[in-house]
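Here's a structure for you.
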Amino acid sequence: MDYTLREMMAVVAAREIRDGEIVFCGTGISMLAAMAAKHISAPRSVIFFETGAIDSRLEEIPLAVADSRVMYHTALNGGLADAFATMQNRFTGSRVVGILGAAQIDPYGNLNSTVIGDYDRPQRRFSGSGGACDVASFVGRTIIFMRQVKGRFVEKLDYLTSPGYLDGRDGRRRAGLRPGGPELVVTDKAVFRFDEKTKRMYLAGYYPGIAMDEILETVDFDLDYNQAVPIPAPTGKELLILREKCDPQGLIR
Amino acid sequence: MSDPDKCMTMAEAVGRFIKPGCHLSIGGFTLNRNPMAAVYEIIRQRIDNLHLYAHSNGQGVDELIGAGCVRAIEIAYGGTGRFAPTCIRFRRAVESGQIHFEDYSNYHMTLRFMAGAMGVPFLPTVSGLGTDIIRKWGFSPEFREAESRLPREKLLVIDNPFRRQDDDPPKVVLLPAINPDVTILHVQKASHRGTVRISGLTFADVEQARAARHLIVSCEELVEEDDLRREPDGNQLPFFQVDAVVLQPYGAYPTACYGCYDYDPEYLNRYRQLAGDDDTFQDYLDEYVYGVENHEQLCRLVGPDRLRQIKAVKPQGYAAGLDRR
Amino acid sequence: MSDPDKCMTMAEAVGRFIKPGCHLSIGGFTLNRNPMAAVYEIIRQRIDNLHLYAHSNGQGVDELIGAGCVRAIEIAYGGTGRFAPTCIRFRRAVESGQIHFEDYSNYHMTLRFMAGAMGVPFLPTVSGLGTDIIRKWGFSPEFREAESRLPREKLLVIDNPFRRQDDDPPKVVLLPAINPDVTILHVQKASHRGTVRISGLTFADVEQARAARHLIVSCEELVEEDDLRREPDGNQLPFFQVDAVVLQPYGAYPTACYGCYDYDPEYLNRYRQLAGDDDTFQDYLDEYVYGVENHEQLCRLVGPDRLRQIKAVKPQGYAAGLDRR
Amino acid sequence: MDYTLREMMAVVAAREIRDGEIVFCGTGISMLAAMAAKHISAPRSVIFFETGAIDSRLEEIPLAVADSRVMYHTALNGGLADAFATMQNRFTGSRVVGILGAAQIDPYGNLNSTVIGDYDRPQRRFSGSGGACDVASFVGRTIIFMRQVKGRFVEKLDYLTSPGYLDGRDGRRRAGLRPGGPELVVTDKAVFRFDEKTKRMYLAGYYPGIAMDEILETVDFDLDYNQAVPIPAPTGKELLILREKCDPQGLIR
């Protein structure tokens, strides 16, 4: 295998980004995916950071969404208030695809990036929402990066930081949220999507060389895996884009 | 133009405006434009029991918590990008029950500062409906009751009273305003009078500044008021909102200051290592914070070579090609 | 950078986006940066039944009303500074019952645009408590009921749910969001893609632009996207919010465009005289609006001498010493 | 008399502005007063426009608050949202003195700048609030310019556009407004203030050469005039400032 699993993940997500979309990115692999998408499938997509940078010229990969690298040659350098308003805005928000990550995900694509254990006195504390809850509440659709390890795909989150489909079906509508929600979960082993009606997660694809069991044993809830298909490995061109155009220093890889 | 000169040293500014127990917010975001010179001075002056309001003010918040200055924090994100996906001393303080904390989203915190800046008791959003950010409150009822400056409710969900169309939001979340005693910013340029110009992203600095009773601004460069007024469209804060101006080159170090210098990967990597353990963190503080008298001395301690490496280039505004592993 | 070129003529932009009955807001304030080329084109295309949202968009609003394009207006201020402390055709239309109207304050209208831009159903303020702006509604219940896009309530007063201290406001006024079908701005610079740079005061232009479903921007100068990106801090709107870009030198004439030209006192004084009477106002329209095919022709009609007189000088940004009596 | 009544009005108001105050101005005479104050009593006062301009260098007198002349050499060129937030802000708002004008005023300093007659079908329509209602709601104190003619000082306004003391005493508090309210009314004949307790208007002073009757016959409500004192005419220095520094073209005079 001449690519890393993180490269595979970035490519799989990049392929999903549509031309002309506004791509909300966090740090790390989500940024790599958004950068790659501009070279692969979506040359007119716009990279957009919650810190207020729009369409940055990313000559080097930023190590945080506040990295000065996101401020260079932008269409606009605003602030948080502008950025989140653009996502909450009824006209622009629906054109945004958000890329998120989390510590835990449940069958309906809800995310936990706050705590493992009790909220008040957690076993393990994470960063917290940042803009994730906002993005998940506002935008047209989201793509979620997860690590495919035990304890991450759980029946019930320890803390629901960012809304997916809540309790499924029209759960978002009932809670007062807009349409939207996760479209795709990308891990280091597989890809998951959500049933159109029930909004429950199913296995949609698995990577070359990954056995089905490796996936299923990490998922703590009932999972439909009958629709799963093999996902093609990154092409040479895709890898070249990642390595030469997006992250030549290998900071994310 | 005859306003009193607001210039003072960081020691004076911190000593005069930041008191134990004070409600504080700092500018910047994760690893950029944190007012680190002020943060280190607060630690050196051993000002404690601070009530911090933070969105994603990574490095500065983590060091204040680590040094024991913070009693309670309202926060959206405790992380410093790739250098600490979760801020290390923040994580430890929460896990060990050393601080009171309460979670919001970044937009929630931004709206809370905006509300304070605008002089309204709350601002609405549709963010967070159905989540534990709304259901789970971090501060206990007793803590809220005792802290008379906090709102009684973390936030409130109400029916949208203007709903008419099906696609109008049925509910909204109201976020209560924040009015810190003091906000501290680090910026590229300010005048003696206090007019402020920030280059690059402004994050939530302007809202944080306007929400506060007092505002301390440290700057890379002290410029003539007239210089700033030649292009007033680029200025963010008028002089009458500023209480203290501190000329503080490298005042955001080890975080970045767009157009001036980058973050220092070496410092931040070392910080991560040392912060991971209580003893080595104490060593870190002893050497880098208590062991120096002021920020100039810290800069001398890390040395001119390091500062040269992180110097920003034009037109990028960061240190192109910097080794950031 | 491969986005479709959004450039078109004003006739195309108005024809494509502004339909009879459409909900419209225009940028600028009283006698500055009104998108007058667009206003005149709307009049020429005889687009009527417009629902206008205005704060203090003086001259443009008055001409649209005078020409019979407006069915209803929500407004804070119908005036054009010293040239018309009360806008003349606006006054006449209200006094003779020709239009539906409803009064707000400037901040109310600003908040309504902000709410639309932010995507929330309302924003709060403490302005107006105890006044007739709150008590007296301009639109009848029947009008509101028939116009399904209007909120059922002009505004609402609620108890402040976060009140804890005596000096916390006991009540707040909630102002409903506005989302116009179209907003039209006139600015100094824009790129083919639609990135926008405004110099000088921005008024409520940015909020009005972001609140709208469609945005038409006319500009004095069409510049390369790269030029605007060399100093992105000076830009106000990203390309993806703009639907049409119209290169329109003197597009704000006879109102001012900071840094480019001043308002034309002669035109505005003459307008005041002619607008005072229905017949002479019709003569005015026939000569200056219907009598020309486009804004370039209007500029030729007033002549190069007049345009030279109002040319802005540096560094002031207006025509220093212009005879403004 | 070697000065106009408008000059007298501008000087009287200018004298009231305190050093260091933020002065909210409208067009016309209020701008003249604010400009003059910087030369007379309040060199460090800051002229502030609702359009978002702060501390403009007014080399020529603006004919509207959106005049490009207010945008030159400012500390900041913002927008309406910034300007009103500065006034509503609890820390900065109390440092602002607002200068307003109106078509009608009542005994408690409430203002009408909207209509004479019925609101829906008025005899006479005026500009409406603009920022006046906001300023009157938010700021620490206001100074009001009025013309001293019949029909302007009325027992009951046809439309209450901008709040003064509402129905007097703690009327502002009861309505939910902040402290504040009008401190001074300046006309072309006289100066009025408000009783500390009842908040009812009384005659505080009259101009040189003005007979008491000229004032009283224009006021439609009971007016205490026992505390009225003569107001000194503009000094030569004050007139010089007005004519040479503030409005050399005589656009306002």
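We call the chains A, B, C and D, going by the order they appear; numbering starts again at 1 in every chain.
Here, contacts are C-beta pairs under 8 Å (C-beta built on N, C-alpha and C of every residue); 3 or more make two chains touch, one makes a residue touch a chain.
Predicted model only: the values in this text are computed from it and were never measured.
Contact count check for A-C and C-D (C-beta pairs in contact): higher for C-D. Rounded to whole angstrom, the centroid-to-centroid distance between chain A and chain D, based on C-alpha atoms, equals 56 Å. Centre-to-centre separation between chain B and chain D, using Cα means, comes to 40 Å.
Centre-to-centre spacing of chain C and chain D amounts to 27 Å, using the average Cα coordinate of each chain. Residue numbers of chain D whose C-beta contacts span two or more other chains: 71, 73, 77, 88, 90, 138. In chain C, the residues that reach two or more other chains under the touch definition are 118-120, 125-126, 169, 172, 200, 230, 233, 315.
Arrangement of the chains shown, judged by which pairs touch: an irregular graph that fits none of the line, ring, star or complete shapes. In this structure, the chains touch in the following pairs: A-B, A-C, B-C, B-D, C-D. Here chain D touches chain C in the complex through residues 27-28, 50-53, 59-60, 62-73, 77-81, 84, 88, 90, 114, 119-134, 137-138, 157, 159-163, 166, 171-172, 175-178, 249, 251, going by the rule given at the top. For chain D in complex with chain B, the touching residues are 22, 43-44, 46, 54-55, 57, 71, 73-77, 85-93, 95, 138.
The touching residues of chain B, when paired with chain A in their complex, are 28-33, 55-56, 58, 75-83, 85-87, 90-91, 94-95, 97, 103-108, 110-111, 114, 125-133, 135-136, 138, 157, 167, 169-172, 200-207, 256, 258-259, 262-263, 312, 315-318, 320-321, 324-325.
Within the complex, the chain C residues that touch chain B are 118-126, 148-153, 156, 158, 160-165, 168-169, 172, 174, 176-177, 199-200, 230, 233-234, 315.
Residue ranges of chain B in contact with chain D, taken from their complex: 2-3, 117-120, 179, 195, 210, 212-213, 225-226, 228-230, 232-233, 235-241.
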